[in-house]
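Take a look at the structures listed below.
Below, chain A partners chain B and then partners chain C, in two separate complexes.
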Partner chain A sequence: MCRTGQQPDPHDPYDPHDPHDTGDDKAADAAFAALLEDSAEELYENAPCGYLSTLMDGTIAKINATLLGWLDMEREAVVGRMRFTDLLTVGGKLYHETHFAPLLRMQGEISGIALEIKRTDGDRIPVLVSSVVKRGGDGEPLLIRTTVFDARDRRAYEEELLRGRRAAEAARGQAEADRARLQDALAVLQQSLLPDTLPSIPGVETATHYHTASPDRLGGDFYDVFPLDGRRFAFFLGDVCGKGPKAAALTSLTRYTLRAAALHDPDPVAALTTLNKVLHERYAGSGDPRYCTAVFGTLDPDPATGQLTVHLASGGHPPVIVLRADGTACFLPTPGGQLVGVLPSARFTPATTVLAPGDTLLLYTDGLTEARTGPDRTSLYGDEALLAFTAGHGGKPPHALIKALTGLLDSFGDGLDDDTALLALGIPAADHPMRNTR
Partner chain B sequence: MDIARRNNVAVTGNPHGRTVVLAHGFGCDQNMWRLTVPALAEDYRVVLFDYVGSGRSDLSAFSENRYGSLHGYARDVVEVCEALDLRDAVFVGHSVSAMIGVLAAEAAPERIGALVMVAPSPRYIDDDGYRGGFSAQDIDELLASLESNYLGWSAVMAPVIMGNPDRPDLGEELKNSFCATDPDMARVFARTTFLSDSRADLKSVRVPTLVLECSEDAIAPREVGAFVHRAVPGSTLVTLRATGHCPHLSAPEATNEAIRGFLAGLR
Partner chain C sequence: MSPLKITTRDAPTGPVLEIFGELDYANAGELRERIAALTLQPGQRLVLDLGGMQFCDSSGITALIAARSHVQAARADIALAAVPANTLRILRIVGLDQIFALHPDSDTAIRS
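What follows is the complex of A and B.
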């Protein structure tokens, strides 16, 4: 912005009307004059940084006293006798030849390069070097002007930063390795809570799927299918409260208790009642009450009719779905079944159904029905939606139903934040080959 | 894979001339040849590229395993030659690239018909009866020098330099970008370069070869130039009056004259 001539410039020293032109200013002027005595030559020689000028081949033509002092060298030993690179460590020389010199040639200047200069006594001084190429009138490069800054303090600081960074990188690597190991261990443990393989049941196809919400946490869902005697089989699927190691211990206790109880008395209500006693006895007085929900049942195939009679009972678990060959799907109600392990004696609700070829029984945990859907992930998927989805797969064998449901779970994305177990048992229709999958 | 993009390949010059491939050494990138290209462009087709890990190459293609050996860099050369389907090209390699060219010519003899080795050294570290000019400690010092300029590499700037092969103007403005290299990749290239020993490969060279050395070169001293000349059968040695390791930048006229003279003498 330009001033107009309307007002006198307050900083004009010749303005007789300037009220600031006092004795103090005269003292300042004297100090300023003294500074002017600091000749350019004096400033060059004793500047707080090193200066040197070299020919284009690096031969030192001029060097200031500051830099000579740092190097502990005599001017006569340096000027016309040494090249700039002779002042550097060997590593610095290599860096100069591979980075510094080419860049300087290409750009005509370079700044802030970290190098080390060697003193006569062998000591090294970390420095920051900047250079510019001075050119003649015809553009021909004439010489290189270089400034050298003492970077001892700064380099020490940078080394601290580097050390810190390396330590952080090492710690991060260690943490990642630990996490990977922990995840491996958890995966093995999780696997141990589920059956390796399901037994093959004549005329019946089984299919399962287990979705783990977080690889860092042991899930709390479980299922199993196992033989009772030469003819009948038992199955269960459930959900223990909580997650993590304590939930895993509860799952383990639940699985083995149900297996043992079923061998003793396969009646579904009896098996759940035994489980209830065991869990209540174990946890009710522990100060850490724990419980589970479960469906337990038996399968009784009739080779004569090709039908399968299912007796089951539920303790607080969502009702199973019966999917008929004709595409109708309905819940098999088990109202009033109580949570397993909370009360000293709990009530469990039995139910029975018969499956014909093409029919499938679906058991699931509430991770599926409580998946959050909708654009803002606020509504739950729900029982009715599941029933409708299942009905759309009527007549398909269990593995096809599980495959469709797995796709449904995937489609929930981050709306699926709980573990989910699926177990489908059915009699394939005559036109579907049978297979057992998990 | 798009090799032209991976290695930031640029083709210029006379499309009807014999192809000359210019290969940069450790440190900077193909910009090192900016004073050489104009001297060749009229008569020759000129190919420029950056090794993976340098310049504006695709850094995601870098692997410590592959580029831990000069053979990995030689594969870059062969793959560039294959991508352009070059036959009988002249390979001009600066510094460590001279040795990379020897390995590439051995691997793909039909593609490389002559070599120009600019300031070559087959081994940098002194050995029994051989003087490369450096000790193992010196090389450690170089690695430390790279490390102390670590902070000069900006993780913010890198994607701008490296990630815009379609927009070279973006990187062009950035100072020092020709020699800005990811520190981890620079360390690998430095180790591979300065710890290599390619002396035994020299005698396998079967193509006309020009050895260009500088009169004063801190990295490749004259006795190393003489060693290379003796070891490469039938090679020609030219000593340039030049100081430093980059005669194509510090003495471009003399360097270009020597290269053009050699090219003119090829059949």
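What follows is the complex of A and C.
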């Protein structure tokens, strides 16, 4: 009934202009008058909260019907017979003694303290208690007035909050477990892209290293060594474009295609040509070009001479390094070889070399040569530095070369931000014991 | 890290895209989107001027390959101009120097 302006007083029953002077209005006025006649005593007794007054020693002097109802007690059993603390649980009594009462004495009032009151049937009701000390004219404390609010709804709300928090914590634990499981799955998948063990090749030592730049992003480098027939073996090492599950799928397709192709025709150019057809058929026209670079080769050991003939071909991959026993190192050029999978008919460049005892063939991916060695993104380790580093390990067996290169990779620190695969194949010199490492 | 910036102009032979900054994993997709949105007429030539490109990784190379596929689908032609030495070295390793027409600058690429 909020009015503004020049409206006449709606409560003036004699105003002849009052448009609301109707029967309904009269009934409302009567109800309002009845409310005003509601006594303060009635309000005290049946208020929506508990009231009690105690002497300074806690003896209950007055208590309202609402609180008696909650306690399920008779007034006679309480007034003059019980102290406020008798209504509390054991924990509540203790808290009252140690905190509530001292603070009330000190401050003269205290509000919103959460306690529990005890019903005669043993049930507990959570309540919020506020008290104030009433003083006489001379400031002498006379009694304590206390209000008690039913906090059952509030407690339920708090429990709901707690339950929500527990649920959130459980969900977080589940998410962390899922993440750990995903990491495990990725690690297994990554492992499946690389051989578990390399075959033992008479008179030949093989050593490999694989550096994973990120455990979350499946790598795109790959290598393998496997037998072709009773005498010859095949090997390959390469790098697929991109990272993650799609790159892993491409790596898998590449690896098994090369293995199958080699069994059909071990000529390196033929194997890469088959791979090119398979990848081009699979990915060309998808709008998302996918390709790899790879070196594929065969090893033909000659037990009579102790030499190893290597036939290989490169499809857009950096040239392999031949490290001689005397410490000379050179690239085995495969110029003009094209990456695999983009062109309907790609060109692959063959090369041949013969390894004698003490010689090693090193295959690598460009994670090594493109590692950053300075603050600038264009300061890269480079081909020539790799050639010089390798030359410094002439005559050492493959596992020693791979160990040295692993140390080199570690020395790049953050500069090594791509996956890197290394494969060394060689004939250990007579004064070095042979072993295969991975 | 300098971001990628691409400007486009129309030459009589077709669009010329100038690429500045770094073409890497983070932003190669931007070039791919720009090129995918280009409408080329048969016989036109798309020129990518790489003179202002400071860095190009394998994702950048993939973007160039995707550009070539898009252009071929439109029966048009693609040429690279002012390829920086570092990138030219990578193109040679992967054999793409045989696939892309390479020109010292975009003016030559438009004329020839």
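Quick note on the criterion: the second predicted complex is superposed on the first by the 256 of 438 C-alpha atoms of A that agree within 3 Å, B and C clash if a C-alpha of one lies under 4 Å from a C-alpha of the other, contacts with A are read in each partner's own complex, and residues count from 1 in each chain.
FYI, contacts are C-beta pairs under 8 Å (C-beta built on N, C-alpha and C of every residue); 3 or more make two chains touch, one makes a residue touch a chain.
All figures in this text were calculated on a predicted structure; none of them were measured in a lab.
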Greater residue coverage of chain A in the superposed arrangement, chain B or chain C: B
Touching partner for A:Gly316 - first (chain B), second (chain C), both, neither: second
Partner chain(s) touched by A:Arg172 [first = chain B, second = chain C, both, neither]: neither
First (chain B), second (chain C), both or neither touched by A:Glu158: first
Which superposed partner A:Gly336 touches (first chain B, second chain C, both, neither): second
Partner chain in contact with A:Gly242 - chain B first, chain C second, else both or neither: second
Partner chain(s) touched by A:Arg231 [first = chain B, second = chain C, both, neither]: neither
Which superposed partner A:Leu103 touches (first chain B, second chain C, both, neither): first
Which superposed partner A:Thr293 touches (first chain B, second chain C, both, neither): second
Common ground on chain A, meaning residues reached by chain C in one complex and by chain B in the other: none
Touching residues (chain side chain C, partner chain A) in the complex: 1, 22, 36, 54-55, 57-59, 61-62, 65-66, 69, 86, 92-96, 98-99
Chain B residues within the chain A interface of the complex: 25-28, 31-32, 34, 95, 134, 138-152, 175-176, 178-179, 194, 216-219, 243-246, 249-250
Interfacial residue positions of chain A with respect to chain B in the complex: 56-58, 83, 85, 89-95, 97-99, 101-103, 105-107, 110-116, 126, 155, 158, 161-162
Parts of chain A lying in touch with chain C, wherever the complex brings them together: 239, 241-242, 284, 287-289, 291, 293, 315-318, 335-339, 342-343, 346-347, 370, 377-378
